[in-house]
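Given below, in the form of structure tokens, are the structures.
Here subunit A shows up in two complexes: once beside subunit B, once beside subunit C.
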Partner chain A sequence: MPYNIAMVSDNFYPQPGGVESHIYQLSSKLINRGHKVIVITHAFKGRKGVRYLTNGLKVYYVPFWTVYRETTFPTVFSFFPIFRNIVIREQIEIVHGHASLSNLCNEAILHARTMGLYTVFTDHSLFGFADAGSILTNKLLKFTLSDVDHVICVSHTCKENCVLRASLDPLMVSVIPNAVVAENFRPLSHHSSDPRRNNVPGPPQPLGPDDTITIVAIMRLFYNKGVDLLIAAIPRVLASHPNVRFIVAGTGPKAIDLEQMIETNVLQDRILLLGAVRHEEVRDVMVQGHIFLNPSLTEAFGTVIVEAASCGLYVVCTRVGGVPEVLPNHMTEFAAPEEDDIVAATGRAIAKLREGKVRTDLFHGQVKQMYSWTDVAGRTERVYDGVVGAVGSEDFYGGDAAHGHPGVRSFALIDRLKRYYGCGIWAGKLFCLCAVVDYLLFIILEIFAPRSRIDICRNWPKKVLGRGEVKTTDMAEEAEAILRKRDMRRRGSE
Partner chain B sequence: MPTSPTRVDAHAAASSSALDPNLLAPRDALYGSAVSAAWGARKRRERARSSDRRRKGQFKKLLWFKQPFPDNYTDERTFLDHLQRNPRLQPYEFWSLMTDATVIVQHVASVAIFCCCFVAIYLERVSPISVVSWASFGTFLAWVLWDYWMVQEEARATSSLTGKSQEKPKQPNDNIAGSDEAEDPSAGKEQPTIGNSPYPPNVDPVSSLSPRNQQRLATARSALLIYAALLGLSPILKSLTKSTTSDSIWAMSSWLLFTNVAFFDYGSGSGAHLPASISTNSALMASTVLASRLPSTTHVFSLTLFSIEVFGLFPLFRRQLRAKSRNGNIALTVALVTTAAGAVFATLTGGGRGAWIAGVILGSIVTFFAMGICSWWLIGLQKYKNEIYGPWDPARPIIRRHWD
Partner chain C sequence: MATMIAALQRLSSPPVQTLRTLQPTQATVSYTVSTRPEAKTVTAKVRFYTGIALRILVGVAVALLAWTKWCASREKPVVALSWTLGDTRSEKLLQSVSRLPWRYLIPASLCSVYLALRRGYTEESLVVLRGLGLQTSTTSSIYLRTPTTRFIPTTSVQDVFIHEAFKGFEIRFYLAVVVREEEDVVVVFPRMLPRRGILEEVWRGSRRCLWEDTESGKGKGRTREDA
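And then the complex of A and B:
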């Protein structure tokens, strides 16, 4: 059963990042499965209005005031009129928000519930509980998530964190990991054109004691990525292993410390600093190395280590957040977030590579089996089925636990208010007030901008094939459709 | 008899849930509320289900292989198993809290004494000269004690330094820190300790006097300088806020003294770094403002000097005393509290030995109980402490600093 889905987030292309690529990949795979997907985000510099991406993914860049680092100003209600317009125009059934710090996503979930739409939320990050900023964020998240149909988290640690932050029932939180496009992260020796070599890799070739081992570290140089650990560990690793060199890519406020370390220890010929690297170029950097070092201090999923493993690198990483769940033990060497332990773990990794114990040439195929966006889209679709009630709550929530879960959450205002009221002594009342105001706004909009006056937009043309696979119709028709759309837009602007 | 039926019910619940997890257990009826009943029943069903699942295969918190569980499956055995609550909780102890509270009591008491002295001077019950003489005498005694401590510390530092001198003959950092502090005029009288430096600042290594004596000389010199400067400034200070009405003066000085109490550095570090400057500045400002209500230049000079002694030097001494001697600290607290309580009562009632004694008794009791109740309250509040730690918290990197 195909759905009309709207992905809402502040984070989307052209801004680069993990959430952005997640939304894009998930959307395009869902479109392949026969759903209609649109993306709603705020306008970026030089990009406002409606755009089409590959496969007919339609993106609405809504004009909105951004305050800080492409985050919109939280106004609670101001997004409602245009959001309602888009949702009615596109006949949306499911609103899927991404990233907890995205204001657009939080607002969209509130308005969608008011309008009687199903909502799903994906959490991509971890938050603590101690500092004032986290407490405020957690309260806001609780507001949004006290009336959401289902939550998706990218790792089990992320799920635990999210359940605690928003006081959710763990059964309504699914864990669906991120994925990588394995084709974009092929090792250097890998020839995808030759399928025989794919299946039958040659015998492992151990590195001799004199061969140079290259260690790659790619990260934005921020404190929480563990740059301090990296800076402390690099000179010690280089001192104890003669035929080792480093490639460090990325930029950020800690870059100056890194350069200072190189100057102090006179390591210019053994460390290569690449500066900022675009996501498309990451693979080209990775394949130059043998070991990938990721000393991050907090990580919800750690897509980068999956990408590194896919490129055939042995991974040395800190045991933080969701990282231990991501890769099997034969691909990784774990370390505590301590300088000594990272040096020791890197040493172990170098020794294993020199002995030829690690079959890094097999990594690519294995990672390909583990993570794929098609799989992610399939699992997300199951969440949509459960939310809408297409899958019985018995199946969805497992066995007879569904007793406490009516398959579909009630949209009645009084039920929603009950959920908000439980959020806290003061916060609960404030949230109820917000929900009521939102409902009144909805009624006012229904009166002054009635649904009958909103055009229903045409869908991207597609033809349903057997097995639920969907292919766009032949090229000519597609091109014609694009031309027609362009025509319409031109007419609209005149 | 509330315990035995519960236990029976628990047994019944256990047996009934073993029989059929879908039925409500008697315990659910005991709790009455339908919600909790449903919850309890569901919990048990979940448990039954998870034991069901265990037969299928163990759930693992891993993402890289497909498990025979739905995505929203919650494993009771491993869910939140790394959650830690209050891992670094150190329970407070009553008496150590009480000793820590003396810091606050001492400061409030010294502010109260200052106010009483001003009132006494203002009403011309006490001669300002006698107040400042006694205070200066006290400061001198304190300085002698301080000097004795410094000599002791220096002896210890040199003995430890000779042991270390093979490795580190020179410590440039200490000299830099020392000269910073020496520039501060209010620290001049009681020269702050310079840890383990062999050559303190403003000491001429070629002089015939010993370094200690040179330092004493420097202290005496800066004390004289402050004395002379104050003497010269007094007429100006006297007329500085003369045109302001008395009402404003009282209001302003109260606020300034409140600021002093609020921003005072109550930290427990034993180092002789100065108290927070905003606190000292506001106290001196208060004394300057009050000085304009006094009749003569001598009065103004006495009050300002007294305030420098009370707000500038006395906190340094108290800090050092707290670090050096516990009994001395308690004795000072008792002395300050009794004096302050007596003085406040005498000031409020208009004098007399009886008022003084009554104030001492009443004030001491009230202070003691206030300290006790506050400490006990703080200990009682600890049970609401609920810090949550888990794998989602950013790790704290452990880096060995090596200086080469």
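And then the complex of A and C:
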């Protein structure tokens, strides 16, 4: 059953990032499965209005005022008129919000529930509980999520975090990891460049003790990505390993610190700073290196690690958040998020590579079998089925856990108010007030901007596949699934 | 309750837009979108012409008033007035007019002239002539002023398309013409922004009229078949 889905988030292209590519990939794969998907985001500099992307993915860049790191200002109700207009003209049934810090997403979920639409929320990031900022964000998240139909998290760590932050029923939260487009992250083919190997299959030549090992680090240079750790670790790694050089790509507020470090230690010839790199160019940067270093302090999933492994890089990363779930042990070297341990782990990784113990040439194939967006879209579709009630609650929540879980959450205002009221002594009442005002706003809008006055959009014309073609793609997917299952079993027995 | 909501809806609703198509030959077509209700019945026609007569009457009355006031301020016998009304009556009239102060008279007369000249509707049109080009026009908000028009020769017309844009708190469809070597597109019907049904009809018709025999119109833009 095809759905009309609206993805809502503050994060979308042209801004680079993990959430952005997640939304794009998921949307295009859902479109391939026959759904209609639109993306609603705020206007970026030089990009405002309605646009179409490949595959007929329609993007609404809503003109809005941005305050911090491309996030819009939290005005609880101001988004409602435009949002309602979009939802009606596109005949949306499911509103899928992404990223908990995105104000647009929080608002959209509230309004969507008021309008009687199904809502799904995907959490991409981890948050703390202690500082004032986190408490505020968590309260806001609790407000949004106390009346959402289902939540998707990108890793089990993320799920745990999310359940705790928003006091959710764990049954309401599914884990669907991110994926990568493995074709876009191919390693350099050594066969063509290296005449000595002569196309003979087998392990590649181990790196000699004098060969230069290149360590790549790609990140937006913000505090939470662990730039400070990187700055502290680089001089020490370079001091203890003579034939090593670094490539650092990305921009951000911490770029100046990085440059200062290079100048104080006079490392200009061993560190290459690339500045901002477009997502399409990431692969070209990655394949220049042997080791990928990711010193992130908090990471819900870490798509970049998977991308690096897919490019055939050995990964050194901090053991934080969902990172340990992402890759099998033979692809990674873990470190605690502290300077000494990162230096030590990098040293271990360099040694392993020099010994030729790591078969980085096999990484690409393994990653390709583990992660695919088609699979992610399939699982997301199942969540939609469950939310809408197309799959029975017993099937969806599993066995006896389904007791007390009605298939579809009630849209009645009184039921919604009950859910909000439980959020806290003061917060509960405040949230109820917001919900009531939102409902009144909805009625006012229905009077002064009635549905009859809003034109319905035409859908993107779909290519009708012949019967045979459909069959072949199905079979290919089945084969892929079987392969993946086998691989999982093999990994389990190891 | 329901009737109140219906009344509110009707009060807040924008005027109804109608599309009039005029196609004298295969190569010429004119589309006019208007908020003026078409006068079809006799009463509607009568109302329409009385309206015009009333406007003219108001205009003439204001002009006459201003003229008599001016005459009264000169304090000279007015030959034309005494001719038409007789001496005593014209004397009375001049006296009463001179009692009206200028500072009320000027704003009031300006206001009534504006009301008399104000067009109660907007009308926007698109004329397509194969081999020549197309012309958009928008009526001005008051009578006596010429409409704003823009002519685009066929050689400069790159494409005609329908797209959506944010306008206020809603998203509206618009029909636009891409002009060669110009950064901005020309929006057809910029003031009214008619609804999708009207736009699609105009879009199809104008493309057919502009590029029918070249067949290039077919490949350009999106084919919109499914609803």
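Just a few scattered comments:
Keep this in mind: the second predicted complex is superposed on the first by the 448 of 494 C-alpha atoms of A that agree within 3 Å, B and C clash if a C-alpha of one lies under 4 Å from a C-alpha of the other, contacts with A are read in each partner's own complex, and residues count from 1 in each chain.
Quick note on the criterion: a contact is a pair of C-beta atoms (placed from the backbone, for glycine too) under 8 Å apart; a residue touches a chain by one contact, two chains touch by 3 or more.
These numbers come from a predicted model, not from an experiment.
In this overlay on subunit A, subunit B fits alongside subunit C without clashing.
Look at A:181: by the touch rule set out above, it reaches neither subunit B nor subunit C.
Annotation for subunit A, partner touching more residues between subunit B and subunit C: B. Look at A:126: by the touch rule set out above, it reaches subunit B but stays clear of subunit C. Once the two complexes are overlaid on the shared chain, A:413 sits clear of subunit B and of subunit C alike.
Legend: residue contacts after superposition of the two complexes on their common chain; A:76 is shown touching neither subunit B nor subunit C.
In the overlay built on the shared chain, the residue A:297 is in contact with subunit B alone; subunit C does not reach it. Judged by the touch definition given at the top, the superposed model places A:382 against subunit B, while subunit C stays out of reach.
When both complexes are overlaid on chain A, the residue A:48 reaches subunit C alone and has no touch with subunit B. For the overlaid pair of complexes, the smallest distance between C-alpha atoms of subunit B and those of subunit C rounds to 36 Å. Across the superposed pair, subunit B and subunit C touch subunit A at no common residue. Looking at the complex, you find that subunit C touches subunit A at residues 5, 8-9, 12-14, 163-166, 169-171, 173, 195-197, 222-227.
Residues 21-22, 38-39, 41-42, 45-46, 49, 52, 61-65, 70-74, 79-80, 82-83, 387-388, 390-400 of subunit B are the ones that touch subunit A when the two sit in their complex. Here subunit A touches subunit B in the complex through residues 126-130, 150, 152, 155-158, 160-161, 163-164, 170-177, 224, 226, 228-229, 232, 295, 297-298, 301, 318, 320-322, 325-328, 336-340, 370-371, 379, 382-383, 396-401, 403-404, going by the rule given at the top. Residues of subunit A touching subunit C in their complex: 48-50, 60, 62-63, 81-82, 85-86, 89, 447-450, 453-459, 461-462.
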